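The next part holds the structures, each set out as structure tokens.
Common to both upcoming complexes is chain A, partnered first by chain B, then by chain C.
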Partner chain A sequence: MSRLKNNSCQVGKIVVFCCNYTTSVSTDTLREAGLIPENLDVKKLPCTGRIEVSALLDAFEQGAEAVFVAGCRSDECHNLSGSRRAEKRVGYTKRLLEELDIDPDRVEMFFVHRGETQPIVDAVREMTTRIAKLGQLHSI
Partner chain B sequence: MVEAGRSPNIEILTSARLEALEGKPGRFTASVHQEPRFIDDDKCTACGTCTMYCPMPIVDLFNERLNITRVPHIDYAQAVPTSYYIDPRACLRINYETCNLCAQTCTAQAIDFSQKPRELSLDIGAVILAPGFGRTDLSVLAKYGYGRFLNVVTSMEFERLTCASGPTEGRLVRLSDRKPLKKIAFLQCVGSRDETCGNGYCSSVCCMYAIKEASVAKEHDPDLEIALFFMDVRTQGKGFDAARERAEEKYGLRVIRARIPRVDQVDGRLALTWTTDDGKSCSELFDMVVLSEGLNAPKDAEAIAEIAGIELNHYGFCRTLVDSPLAASRKGVYVAGAFQGPKDIPESVTQASGVAAMASELLSEVRNTQTVSLSYPEEDKAIESEGPRIGVFVCHCGSNIAGVVDVDAVRDYAGTLPDVVFSRDTLYSCSQDALKGIATKIKGNRLNRVVIAACSPRTHEPLFQETLRSIGLNAALIEMVNIRDQCSWVHSQEPEAATEKAKDLVRMAVAKARLLEPLEKTTVDVSPTALVIGGGAAGMTAALCIAEQGFECVLVERSDQLGGNLRRLVWTMDGQEASKVLDDLIKRVDGHPMVRVMLEAQVKDVSGYVGNFTSSIVKGGQPVAVDHGVIVIATGGRENRPKSYKYGRNKRVLTQLELEESLAKGKGFLKNIKNIVMIQCVGSRGEDMSHCSRLCCAQAIKNALKLKGIKPNIRIYCLYRDMRTYGFSEDLFKEARKKGVIFIRYEPDRRPEVIERDGRIKVRVFDRLLEDEIDIFACLVVLSVGIAPGDNDALARVLKTPLTPEGFFLEAHVKLRPVELASEGIYLCGLAHGPKPLDESIAQAKAAAAKAAIPLAKGQAEVASTVSRVDKAACIGCGVCESLCPFNAIRLFRVNKRRKAETITASCKGCGICASHCPTLAISMGGFTDEAIMAQIHAFAGEKCV
Partner chain C sequence: MIIAEQKPLDEILEMISGVERLLVLGCRGCVAVCSAGGDKEVGALASALRLGRKKAGKPIEIDEETYVRQCDPEYLEPLEEDGKRYDAVLSMACGVGVNFIADRCPGINVLPALNTTFYGANLSSGEWAEMCAGCGACVLHLTGGLCPVARCAKSLSNGPCGGSVGGRCEINKDVPCIWHQICEKLTSRKQHQLLREIVPIRDWRPSGHGGPRRRIREDLLP
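Moving on to the complex of A and B:
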């Protein structure tokens, strides 16, 4: 795996995959208010059901210390089972990470109430604590 | 309110509801159910001991549940009646027969648990419904996170938070953690213009009150950041636009045009997301979100309607017609205020006067058969003539004054001043119990001069003068010091300096008070005739209303026929034919024995004073003298004539009224017409005139719908700045959009252009959604040209009354005295007051008629006692005073071959010009003698009073 590109950042890079409806507040606004770290990359998908295992692994390869998917609560998904599909793929990625000797806690699935920003911010915090506990992945 | 409480002819029944209404107009029987207060208002001194001892906390409903109070309480210190009451829901004594603490501690023995609900049967002549408005449903507020997020508050709650006597004593804090606020957002149209909650109408008042609340908040804390989210900015009231622009500039309020769909919370801060006109998505965090909740129909509207036997409209408000806006569907039942439709204070007050006139019309035959009049005790000349014994009362005004000025220090200081024998502070001097207290203190200490250091004498002096009169002292023996406006408000950031200034002002007032002398109050007989100037809808309505109340009326119209602007109108907003309304009015005016119509006549000169005016009316070149007691100005306005948009140069550019007139002539007019462009705010709001003309938006939509009705495939584009279809006209706006009328908003700095090329017209406008200029080919361009004031200058000069900068007549007080002029006996209605639609003009005309009928009905008018007096011995007869008096109130005549000046007391307005110009100081002003003013000035310099 390649080295983390931006070593100067205190918190390692976190990549979030979420669906278009998860949050309406822009990441810039949240970042300015200090609610999320600088080094957070939010990738919006039409639906989290679209996520593929390769994309999650790719995020790690691109330097992520942790990756999570924030999907709609299972009863709220526009596409009925999109977020449940994502959950399955996150589970599969966890197993793959284990095989690669990487802590499976570095990838996670979160179900969040649609349109609410608090759960996302909480998820980011959760992942940040996990990284702090697990140590750096990319600094070999 | 206090005034209503003091009137001997108004009986106030609290906690009461109407149960049944039987009978016919003039002879109703109303059954009223009244819940007990459990505290006798006659005995209660409002001391507050019961609240202090009650062990049961309950939420304070008056303070929007933001505070805790106790079972026995008073909503606020100025409440009328100024008596505490017991909320039976949580009372231990009432529910469990225990406790009884309050009754034991009440020294006045006012608490009476044996009170039972009362069933009253009242014989009445007319019914006025004024139940106000209902509140926005919680489910609507919940959509914006209200109830879930503590810092999402309603505008009513915010109002309490900004109030000095409110739950936080005026400190602006987040409700979640009581930390200071930094950034606030106001969301408009919550529960208004929202079909999802069934409220399709516009609540009319929220835009302006949000601006007001934002301004007040900025006054509290200049560092606050405030954003207001509007759909349209609807500040259409008289002077409102100017006030809004001032506030935006002075306080740096951010105005954002977007409707926020929901509120999100992150770490206790509130996140708002919106999209701008050009499609950009924005989000920001705020500390507090204020929901500008709209006005609903009252909660029990249906019950009221059933009991009173009246109809409601589809939103649950009382149904009225454009030509009779104050009459409910049952005869003898009238409606005023927000129950008739959402409206602001000036319109509510106007309607209130209007319904009083309606009731007075109905009951004019039995006037004064059941009233009692207030009598005052004989003046105690003995006390008055003693040397000055001054009492000083310093008011806290809650924390309005006391929050800044050290009231105790001012009180103690006042006690050290010469001739001051008594000084005392009061929480609210104007509350009923405080007035009682002041009266007892004056009597008990044999005070004969009183200084009240409180708020403005303009609003409150009469109240304190009444108090003096009620205990046998002359009303002129009082001096007011305005330590609220002049100290705590303007110097709110410098409490110590404010306190020093308050002391200075009190010292000056005491110096003046030492020299105050009693003044005689005189009354004059009123000649029982009214002069109504202007024969339009407002003038005719006012004249008829006065006549129906039993007084003669002279209606003067400049042109050769009655009708004014109503003659040009074709349809009213509710679809009636305007000509029918007009014909009906003219028929009633012509047929009324008490109305004398003078056509082609003009008022050239007016002299006299309330009760005794004499006007010279020129008719056919011949002046006619008319004696009358009061004047109603209903001179109207006129359609503005713009110079822009090729108006007057291209015959296909019309005004809305011209379009209406053409449409009335028949469908042929629309042959070959496919595209129509309407342009709003031509002339209004900055082009030719600074004011908003209030009615053009609704008028344009009314005409657009008419066009669509005649020719459904006609294309109509409406270019606007803010669509101000306030109130129920919003329904028509919605209908127009449904029928395919296209609305394009433009900014004032990029106004549309009318371009002529090869005989065709196109209108070029910058479309903010497309971010590009578009050209619309138009077969017709229709301009909303707005209402310009009539030629008011000449009449204003004759009547010596001021005009607004826009050229309309200026009322005595925008909110509280909207149909009276500052000069007594002169009243105002219709377009002469400001632009307004027909129904509002009619309501206002009724209101002016109500006010005008007061001196006529009393038969006597009191003359102000602050008048000039000439010392004949000192007068040298130079005549300077006579030449300078703006009211012709001072005349020279010969006494023993010498010329001497004399004041015509009833004409004198007390301006003091004569006194200040008299070379021999022979003229002095009642209440403002030279000696008293000099003493005041000396006191300012800190010298010992002379």
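Moving on to the complex of A and C:
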């Protein structure tokens, strides 16, 4: 597993809403290992099906440059359809961002195999690349 | 219930362009049930508007509140005073709520966040369909409970127009021909004699064409 380059920490804040079951390894451990950047704010949920559109928008309002949801693969959701519900809410949020003339790529849904760390790290890397390309959303 | 949907964000942002203090006011009646104007939608819209205004370099102060109903005077009472603290109140109720606030709270600049669309039923999570037109002269006893006013594209009273194909309406193949369904239902229930009854030309006055409607029940008046 490769470490994130140091300069990724200089990119804006990324917020991830994470299913409790998908990330069994603590984010502190990942951060200490240099696998996720300092600017990543991890919010754990009992299930990503709990995520609300307002929470995703609120994360942007609070200064996030990108937001993503990491839920169980659709055939592995502890609550059967939680991650599929989350995917739909992410889709709705994308539409609202488009209406606000904000690039919908700033929010994304990732399906993650339970207990695996690499997909989370890959998702962080993907979102870091996106915001580096898209530029700053928040000028203040 | 009354079905509504949120207006496009750019339309709402245009509406509140000069507003610095805004109250987004939801309703826990019909619009909460049809996921257009309840607590969750109030939170999402307020967040989106704050984000949109921040992005435009014109931050806005927004409070969020949801009333039990916006179409009953007792629930609107606090708004008469509380609403004065805002440049505008963005109502997430149906048009009834917006009108009622405008009537009851004349000092408040009330704006609509929703388009009120129809009277409908919840087919499944996230899907609603029109079932009643509120025409004021119900004929459902003649049509097997299926409304030709709301569910026929031409609101025909005496059978299908002849344009349907395979039981589907000519305006869109996804729309069932309600007269096809009425005929099938009455026939299966051996009530097909009802189809022979010629319904006279409809009097549209009770449907609102005679002006705004009002209902009074004397025994309940104060």
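Some points to look at:
Definition applied: the second predicted complex is superposed on the first by the 130 of 140 C-alpha atoms of A that agree within 3 Å, B and C clash if a C-alpha of one lies under 4 Å from a C-alpha of the other, contacts with A are read in each partner's own complex, and residues count from 1 in each chain.
Here is the rule we go by: a contact is a pair of C-beta atoms (placed from the backbone, for glycine too) under 8 Å apart; a residue touches a chain by one contact, two chains touch by 3 or more.
Just so it is clear, the structure is predicted and the values come from calculations on it, not from any experiment.
In the superposed model, A:E99 lies in contact with chain C only, and not with chain B. By the document's definition of touching, of the two partners only chain C reaches A:L137; chain B does not. After overlaying the two complexes on the shared chain, residue contacts for A:E38 are found with neither chain B nor chain C. If you check the complex, the residues on chain A that touch chain B are 23-26, 29-30, 33, 35, 115-118, 121. Interface residues of chain C facing chain A in the complex, by the touch rule stated above, are 8-10, 40, 43-44, 46-48, 50-52, 54-55. Contact residues on chain A toward chain C in their complex (touch as defined above): 52-54, 57-58, 60-61, 96, 99-102, 137-138.
Listing the residues of chain B that touch chain A in their complex gives 262, 264-267, 269, 271, 273, 281-285.
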